[in-house]
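Following this line, the structures themselves.
In the two complexes below, chain A is the common chain; its partner is chain B in one and chain C in the other.
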Partner chain A sequence: MKFDPFIIPFNIGLYFILIYVVSRSVIWFRDLSRPDKLRLQRGFFGIAFGLSLKEIFMESLIHRKIFKTNIRLGYMHMSLAFGWFLLILFGTIEADIFSAKHLNAPYKAIFFRFFNPDHGRMGFEAAYGFLMDLILAFILSGLLVAVLKRFYSKIVGMKKTTRLKMSDRIALTSLWLIFPSRLLAESFTCGAYGTGSFLTGSLGAWFATFLPAQQMAYPFWWLYSISLGTFFVLLPITRYMHIPTELFLIFMRNSGIKTGDKTGTYSEVQTYSCSSCGICIDACQLNFSAGITNIQSAYLMKAIRNNDDVSEIADNCLMCGRCDQKCPVGIELSPIRMIQRRAGEAENDFRNIYKGYFRSRQPIISEKAIGSSNYSFLHETDPEKADILYFAGCMTHLTPTIKNSMIKILDASGVKYNFIDEQGGVCCGRPLMLAGQDKEARELINYNSQMIWKSGAHTLITSCPICYKVFKESYYLDVEVLHHTQFIKMLIDEGSVKLNFLRNKVVYHSPCDLGRGSGVYDEPKEVLNHVSRLQKSNFEDGNSLCCGGSLANMKISSQKKKKIALEAAIELTKDNPDILATACPLCKKTFSAVTETRVADISEIVAEALIEKPVKKNNISNVKSIRELANI
Partner chain B sequence: MEKFGFTISKGRQIDYESNNRRIAEYIFENEPSFRLCFECGGCSATCTTANFTGFSLRELNILIKRGENDQVRSTLKKCMLCGKCTLVCPRGVNTRNIVVLAKQAFQKSDEYEI
Partner chain C sequence: MSKHVIVIGGGVAGLEVAGQLSKVGIEVSLIEKESKTGGHLNNWYKLFPDRRNSSEVKEYLNGITANNGINLMTDTTIEKFNRSRSCFSITTNGGKELIADAIVVATGFDLFKSARKEEYGYGIYDNVITSADLEEMFRKGEIVLTDGSVPESIGIIHCVGSRDEKVGNYYCSKLCCVTAVKQAIELREHLPESKVFCYYMDMRMGGAFYEELYREAQEKWGVNFIRGKVSEASETIEKKLMVKVEDTLAGRPLKMNLDMLVLMAGMEMSAGGEKVAGMSGLKTGENRFFAAADNHFGSNKSNIEGIFYAGTCTAPMNITETISHARAAFTEVMEWLRNGKR
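Up next is the complex of A and B:
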């Protein structure tokens, strides 16, 4: 038998998706910026290619990272992805070895049993048949988990599963039908011919006892072909587009391409690589503490893919970065969300099926500017010359104990510094950036940069992680930016300050912008270890919670913020510590409102532990007072 | 005629008939906590911008609610969105969002969308 009409749906689907993927990748490559094109070319001939192959195997097939998060969910993803891959691979080999000729058309491998019903009676053929049955059983076991998960997500240890749109549902149904229909089709054929291994063979033999196997097989081969064809044709407009796209993503990431701050190929590839696995939903505190269940990153990716208006989703997020850490695909979710915040309101794009397949090229959205900004009231200042600057930040001015503790520590250490915003400074600009108003933020950044540059400092210490992150990332300054915890660590290492051991039990809450946002995890904990008994919590480092006070979320109500803070505080103070330590004035303020435990910034604890020693008084303040006297 | 430096002061009555309340209504709709404000002035007291120039969120809130928007439009741009006002607000008003929404509302009213 050479040909049968039932293979037509499969062939249409297969060639459609092949052509589609090739043309789509050409468009994606064309839209890359020139440096990114060069990176990709260099990556193709460099080590990135090998790394990518390894990562594709570990992540796209085995799904190692999902396994780490959740074994049952990992098994489900692995059995479908790796199992299907093995089925195709060994199916092709089978067709190549046992057919009359080599290099067959793809359908010969997929529908091998239909075209070779007598195959697999004994010896090596039977052993190979056993292998193929084993792979099929492997996939079917995963499929069973997937079906159960859809109706009862707790089975795989997930609290929530993603909601689907219509085309996703059809694609999901066809995906679910592929393997059972293959099983039935093969079983009936094997039953009719008395072949097959432990699964198809025994099932077929049993069917043959009471059903006309020969006649029953043919409709199931049709069903198998149609479900494959439907799945392939729907693939580009559903979440299953992640199957081909993730390969590009891994390769692009290994070549060193970054999201940046504008829409482009890489952000589009990332949005299509999201498989809506739902791990970000379970990680999100807005979901499990505040009960906001429609704004998680999986939904953001889905809304972007569907050209929906995403402004509501994009704005309602704490930007704590927990989902970034947990995403098994490694999509840079926060930068993509920031791009959407910067974008103005989406134009109501006319949506139809055609648009789903051929997206209009995403316009490179320019920064949204609400009128012209106006900070002309800020006058240039002439700061004192100093090597070390201390920038407290707005939030630190709201929590004066942190400010005073820092002054105490700085004075005790004997370094010469200038408290640059002692009389209240200008905002660092990050709050404006988080609201998507980059242009206005740039004005403040320029003002602050000028002030820092004029002071001629080489080190800038800040008490606020929000300021720290923006000073590090968005200021183009030739100064070393330190968070005060890093600075205190430095002082302790140098021996510039002597500290008592306080014997307090302390639990450390890692602020989002300092920990996940800037990667400063160790210094605060080392400082705390130096002066107190540091307890471990269940939420350390990358897994740490958000206090809920984040400036990033404009939409959330104060009640819900409080709820997040309360639940986080309860989790952190489970072991009854004396002090809930943090390194951020905003976290301190938020937690103080909801917990009985004392909340303190690390600088406060260090200031308490400080052994006062007679040091020469900082001479800057002297200079100031002399000048003031002269003015009078 | 001799001028003694006296002038007739401008009328101070609030004419709700002629005032434009659309900006206020847009904010009420999108940020219901705007209704909670009892104009205590905590926001103005802590404001980063107010440290440099005359800027009072409390005053702006009152003006927006009255519908006297002319002055608000230009003054609003001075806000740095630093968020201190939200933290000190005793009523839990989401003040940052009010500023952002007011900016949006002005832009939309320019484009005749509201």
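Up next is the complex of A and C:
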């Protein structure tokens, strides 16, 4: 038998999706910026290609990262992805070895048993048949988990699963039908001919005892073909587009392409790579503390794909970065959200063309203009020349204990410094940035940059992680930026300050912008270890919680913020520490309002531990030493 | 058989309701957590709006509670609360069990803890005090800085812990404005050489004769009113206090050096009240005060039959309103004892 009409739906679907993916890739490549095109070309002939193949195997097929987070969920994803891959691979080999000629059309492999019903009676053929049955059983076991998850998400240890739109539902149904229909089609054929291995063979033999297997097989081969065809045709407008897109994402990421601050190919590829696995939903404190369940990154990605108005979703986020940390696909979720914030509600006149198959991109400018800002009342200042600047930041001025502690520590260390915003400074610009107002933020950044530049300093110390992050990332200054915890660590290592051991039990809360946002995890804990008994919590480093006080969320009510703070504080103070220590004035303020435990910034604890009168007057003015120490 | 009513809280409301009940021959137990009755009134020097001495009101309250056999229990708190049908039983910290036919909750308010607004520097800088601290200075007749000198410029910050989303208090405590006006006048009276500045969001002069007092403060006493919320206070090298505030009428930011800063702490649900709510199942509102059964015609009734509210445990009130509210509670209790109770 060479051909049967039932393969037509499959063939249409397959060639459609192949042509679609190729043309989509051409469009994506065309839309890349010139430097990114070069990166991609270099990556293709360089190490990035090899790395990508490895990562594609580990992540797209095995789903290693999902396994790490959740074994059952990982098994589900792996059995479907890796199993299907094996089925295609070994099916093609089977068709190649056992057919009359080599290099067959794909349908010959997919519907191998239909065209070779007599195959697999003995020897190597039977052994191969056993392998194919094993793979099918592997996939079906994963499918069973998937079906159960859809109706009862706790089965895979997930509290929430993503909600679906109509096309997703149809695609999901066809996906679910593919493998059972293959099982039944093969079983009936095998039953009729007395072939097949442990699964298809036994099932077929059993069916044959009470059903006309020969007649039953044909409709199921049709169903198998139709499910495959439907799935392929719907793929581009459903979340299953992540299957081909993730390959591009991995290759682009390995080639060194970054999200940037505008929509482009990379942000779009990332958006389509989201499989809606729902791990971000479980990681989100807005979900598990505040009961807000419609704004998580999976929903943002979905809404962007659907060309919905996303401003409500984009603005309702603490920007704590917990989902970035947990995303198994490695999508840069926060930068994508920031792009949407910049877009605001202004640009929504874009349309679905070709019913979503080719999406016209939302033209997002990198600077949102809301009226015109006017910072002309800020007068130019001439700061005193100093090597080291201390910039407390607005939030530190609102928590004067931190400010006073830092002054005490700075004075005790003997370092010559200039307290640059002692009389009140200008905002670092990050709150405006988080609100998507980059242009206004840039004005403030320029003002502060000028002041810092004029002072001639080589080191800038700040007490606020919010300032720290923006100084590090968005100020183009030849200045070493240190958070005060890093600076204190340096002083301790140098012996510039001598500290008592306080014997307090302390638990450390890592602030979002300092920890996940800037990668400063160790110095604060080392300082605390030096002066107190540091306790472990269940939420350390990348998994640390947000205090809920974040400036980034412009939609949440204060009651819900408070709930987040309260639950985080309860988690952190489980082992009854004397002090809940943090390294951020905003975290301190937020936690102080919800817990009876004393909340203190690390600088306060260090200032208390300080042995007055330094042993030796130390004068750090050596540029090199500071830089070297800061790089520890 | 005579009826027994427990009044929780021996402040203005508790004393008034206990006095009224005992006058008509009802057996009353008055539970007070402090060693003496009077509540916040004890801390006041003179009262707004007529600036009479607070002791006059205290005398009145002592008068109506004397000689009627009120079972006064000071230094007493409630540890257990039980209800069977329409009888209530309360166990005190001394282990004593009281059975009552009705309960009047008059747990009052707590002043907002000003240290929670760390940016104003209470507990951090010398010479940042609260309105309650200033009242005490007036009673002692000595308004001095921590170094013993006399303040020349004094700032008064309104709305500390009121109408402040950041601390979770949306509501207006409504009496801090007039307290500020009263205290500003008294400051000028005590220290004629001083300058007094009030930083306000709105002047809420809703009570009888409040507006007149506000006018007097401006015309007679030359108190400066600046519309704008203070963002933060800090200490200068000369140990003066510098406040940053935006004068929203002039439309410009201001920095002012002051000798003393007075924080007009708002009113919050009392800790004792929250404890009672936790034990009894009485409902509280979004502002954390006790929620009355009806805002218009049931402000003394609770969600539990036989338990009534009196005074500031339901909302901020001045003394006049508190006494009226307590008398209303008395009529509700009487109605309940006569007709409502099964």
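Heads up, the rule we're going with is that the second predicted complex is superposed on the first by the 600 of 632 C-alpha atoms of A that agree within 3 Å, B and C clash if a C-alpha of one lies under 4 Å from a C-alpha of the other, contacts with A are read in each partner's own complex, and residues count from 1 in each chain.
Methods note: contacts are C-beta pairs under 8 Å (C-beta built on N, C-alpha and C of every residue); 3 or more make two chains touch, one makes a residue touch a chain.
These figures come from a predicted structure and were not determined experimentally.
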(request) Would you sort A:404 into first (chain B), second (chain C), both or neither based on which partner it touches? (result) second
(request) Check the residue A:93 against both partner chains and state whether it touches chain B (first), chain C (second), both, or neither. (result) neither
(message) I want to verify the contact counts: of chain B and chain C, which reaches more residues of chain A?
(response) B
(request) Have a look at where A:71 lands relative to chain B and chain C in the superposition and call it first, second, both or neither. (result) neither
(message) A:374 in the overlay: touching chain B, chain C, both, or neither? Say first, second, both or neither.
(response) first
(request) May I ask you to decide whether A:559 touches chain B, chain C, both, or neither, giving the answer as first, second, both or neither? (result) both
(request) Applying the touch criterion given at the start, work out whether A:437 contacts chain B, chain C, both or neither, answering first, second, both or neither. (result) first
(message) Going by the contact rule set out at the top, does A:427 touch chain B (first), chain C (second), both, or neither?
(response) first
(message) Is A:551 touching anything from chain B or chain C once the two structures are fitted on A? First, second, both or neither.
(response) first
(message) Taking the superposition on A as described, I'd like to know which of chain B and chain C A:592 touches: first, second, both or neither.
(response) second
(message) Quick check on my understanding: which residues of chain A belong to both its chain B contact set and its chain C contact set?
(response) 397-398, 423-424, 558-559, 589
(message) Under the definition above, what is the set of chain A residues touching chain B in their complex?
(response) 370-375, 377-378, 394-395, 397-398, 423-427, 429, 431-432, 435, 437, 440, 444, 549, 551, 554-559, 586, 589
(request) Please give the residue numbers of chain B that touch chain A in the complex, ascending. (result) 33, 46, 48-49, 51-53, 73-74, 77-78, 80-84, 86-89, 92-94, 96-97, 100, 103-104, 106-107
(request) State the interface residues of chain A toward chain C in the complex, per the touch definition above. (result) 397-401, 403-404, 423-424, 558-559, 562, 589, 592-593
(request) Please name which positions on chain C make contact with chain A in the complex. (result) 116, 118-119, 121, 124-125, 165-168, 231-235, 244, 255
